[in-house]
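Several structures are given next for inspection.
You will see two complexes here that share chain A, one where it goes with chain B and one where it goes with chain C.
Right after this comes the complex of A and B.
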């Protein structure tokens, strides 16, 4: 078992009170598993990704534990996290294209990063070249400035950079959202290749695009308003979801081939609840067509069949 | 209604404007009333430039854009431009930056009133606003008198469409209107566009997402490097793509019930017939050939 997250709670501190962005999140991630983390904006998916590596100053660890390869990950202790970052847990940030320093050549930037982490760049130079070639980049990019590269190339540079020390866990946050469809496919396929070659042991792929994550992930976890709603294998989530939120979300996605002539798709009425004073019980109950009296209690995340977890009173 | 004929747009680029970038190359297309035309392309394909030229924000370098027979580049003067914008309006990608955060969101309606309908009485105007808000399926109590930060992206985007509706527009240029919205509200905005189409509005729907383009549109135009790669009735373009670029794009779209591997295997099992592409006589023109009725295929650009 690579990663085990148990009842994790992370709140944002604001002047008006705590925003309950992650409110009791429990899941496991197996060796070699690529987990897609999907949900609408504000559901806590990026917060979860960030919590696994670094809490920023507004974020507060309220409770719960994270274990990676059997060792505790002290996320609340910023200093104790330093040795883990990059070596064990690595992140490809959202908007990776703007994560590159515009005043440094790519090669120099990578060397500086390696030295800062106590690794000698020469020990890794050959591997770096090999991996750049693997994602279809000429090693010549090392002598170029970020502005000279296209969006897809920058994204691949950041990808190679983040995984250079073979981390156990890679968090990829909306890495393909800003790319064109054909580049998106190339980047997504390289990420799978990295897993297959064991450059990274397991991966959390954060995205809002379920059809993309279906192409590459082994499992998909759906979040809603700071809670986990459902987790199962990718094909189960897409073809046989059990939670009403997942069902409505999947049926709201237009596909190549669907047109309004064949009947309209329906959105989900209403908006997600604010997380400053989140409602008690199931957070989806106000938008849920199946809601009944019991939904005022929070439904536990239970395994309804092997490998398929859902948090709903109606599925249990 | 709207007709583009051999439209080109060349930008000057580089430090002293010495370089040339052909953003739109020999594009001809039509939008009829009650029709949604999707302009689909990757970044740099010129799709937004076309939308902006239709809105009169840029002038084409050559070629003509006519709206009900009038060449829009000949529209001069404040009054004439205002009359044009009464019939043609745009809604853009980012609803969050379309509003001024200092003012309440419904100020956009007041602006329309003060510049186009100064003579309308308060009660009458309120009724019109409520009707427009009803058309975009918003609850007036939830949106009127609110500040932009109190509204969701979907609500703001629908308010902007309601604003365009107050003017009785004939043509709406929707430039990536849903790419910033969440999956659950996205479809509501798309359905709204379909409703507007039934009311006789022509919509130029600019998007990079093939599955969204496909959902609402009657005709699709796939652009590549400024030129039309393929144009035709949406169902034909998506079921029987003839240009290698359209085929490639379609094979890269993540689909919900088929993986890329399955799509590739299917393509390998029955490879599509080769289609002879037209050849451009020079660097500027981009001729189209009609492969079947109304279905055009453009030049090969490597």
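Right after this comes the complex of A and C.
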């Protein structure tokens, strides 16, 4: 096991109280696994991504543990996390377009970061050039300023930069959201390539684009309102989901080859619950057509068949 | 790059011509007759003699020609470096009078602007680090920047000059000395310089510190700062980046502030009776000396234009984004 997250709770502190963005999240990530992390906006997927590398000032670790390659990840202790960052856990942020310092040449910024992390830039210079070529960039980009690159180019630079030290875990947070479809595909393929070449051991790919994650990920984990709803292999989630939320989420997606004659696409009625005072029990119960009295207790995440986990009383 | 500089130069030239024209117009449309006021001081009783002297001086200063000829003659003289003859210190050429004052103003302005900018930026960047520091620097900064130049000047003159009696409060050097290159004279210059310098330095300091503090906090929240933090970069590196990027708006701020700083310098000079351009303007105004007034304004305008031009060039050098836009970077 590369990553083992156990009952992780991370709350946002606000003036009106704690927002329970991650409320008891448990999952494993195997070596070489690319896990797609899907869900609506505000379901906690970005919070989970951040919790694995760096809590921002409003986030508070309330409980639970994270283990990476058998070692504890002290997420609540910002200082103790520093040695792990970049070397073991790395991040491709949501805002890759603006992640580069606008007034530094890209090569110089990378060198300064490497030196600050105790790596001699010369030792890694050849590898850096090779990887830039691998993602289809001319190594000459190192002599340019970020403004001289297109959005897709910056995205690829950040991808190479983030994975340069061969981290064990890579968190890719909505990396394709700001790109056009053809670039999305190229980025997704490069990430798979990085895994295949063992530049990264395993990857959490945060997205709300299920069709994209279906093509590249090994497994998909679906979250809803701070809870894990279902985790299974990508094909199982898309073709045979068991949790009512996942089922409705998948059926809300258009399929290639269908037309509107075969009926309008249905959304999921209602909105997710607020997480300031979250409801007890299953958080989907208010929107769930199958809800019954038992749903006021929180359903545990259980393995309903090998490698397929779901949290619902009806699937157990 | 050269096209950019060429274009900028053209704009500055245009500004210069307009400024000079306005500069020429203002004193001529001011109420009061300078020749008459000069003659009234001479208290000539005989009306006939008065009329003759009036005609003579009007001819000397060229007031008898039509306005457009005066205007053209003014440009002609300007290009030859001839700014006319002073009325109040007749017959000294205006250029000589101004050149005597310029070194004092420059010696006051340049260190005050540059040092306050540098120190203010440092203090602001430092304040952004810690809550405690921030809570002291910010209010002090607001108080300083809200202070009128001449009020602080008066306060300093009163406290350090009169009550404590450690520093002289008036003039550019001791009235018992003549300008010469000696240790005595130079030390007198320096002691007379400190108070006007301090009052300008302190007022400007607060504004820069506040600006820098806000910019740094903004930059530390920027995406690249977050990214570097997530990759475990030390805060030293992140702060260095933030400082450099926060500097860019401060440079623009410097360009915008130059005019204000300059007027502050003129007021400060008047308070301390410092023999620079500010005091000269006051004297020229009191004596309705068009030519000196015109010449001084001209120097001020040229000074501001040159300073802005330098800042334009500096900005291009420090911000790759403006540079790229000019050279047409590859997409």
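The criterion applied here is as follows: the second predicted complex is superposed on the first by the 312 of 316 C-alpha atoms of A that agree within 3 Å, B and C clash if a C-alpha of one lies under 4 Å from a C-alpha of the other, contacts with A are read in each partner's own complex, and residues count from 1 in each chain.
The definition used in the following text is that a residue touches a chain if its C-beta (ideal position, glycine included) is under 8 Å from a C-beta of that chain, and two chains touch if they have at least 3 such contacts.
What you see is a predicted model; the values in this text were computed from it and never measured.
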Combined model on chain A where chain B meets chain C, clash or fit: fit
Partner chain in contact with A:248 - chain B first, chain C second, else both or neither: first
Which superposed partner A:54 touches (first chain B, second chain C, both, neither): second
Which of chain B and chain C A:117 touches, first, second, both or neither: second
Touching partner for A:277 - first (chain B), second (chain C), both, neither: neither
Once both complexes are placed on the shared chain, angle at chain A toward chain B and chain C, C-alpha, multiple of 10 degrees: 70
Touching partner for A:13 - first (chain B), second (chain C), both, neither: neither
Which of chain B and chain C A:238 touches, first, second, both or neither: first
Gap in Å between nearest CA atoms once chain C and chain B share a frame through chain A: 7
Chain A positions touched by chain B in one structure and by chain C in the second: none
Parts of chain A lying in touch with chain C, wherever the complex brings them together: 53-54, 56, 81-87, 90-91, 93, 95, 98-105, 112-113, 116-117, 144-145, 147-148, 150, 158, 162
Chain A partner contacts - residues on chain B that touch it in the complex: 42-43, 152-153, 182-188, 190-191, 194, 208, 210-212, 214-216, 234-235, 238, 248-250, 252-257, 259-260
Chain B-touching residues of chain A, taken from the complex the two chains share: 40-41, 151, 180-182, 184-185, 188-189, 208-212, 214-215, 238-239, 248-250, 252-260, 264-268, 271
Chain A-facing residues of chain C, complex: 222-224, 226-234, 236-237, 241, 244-245, 248, 318-321, 324, 329-331
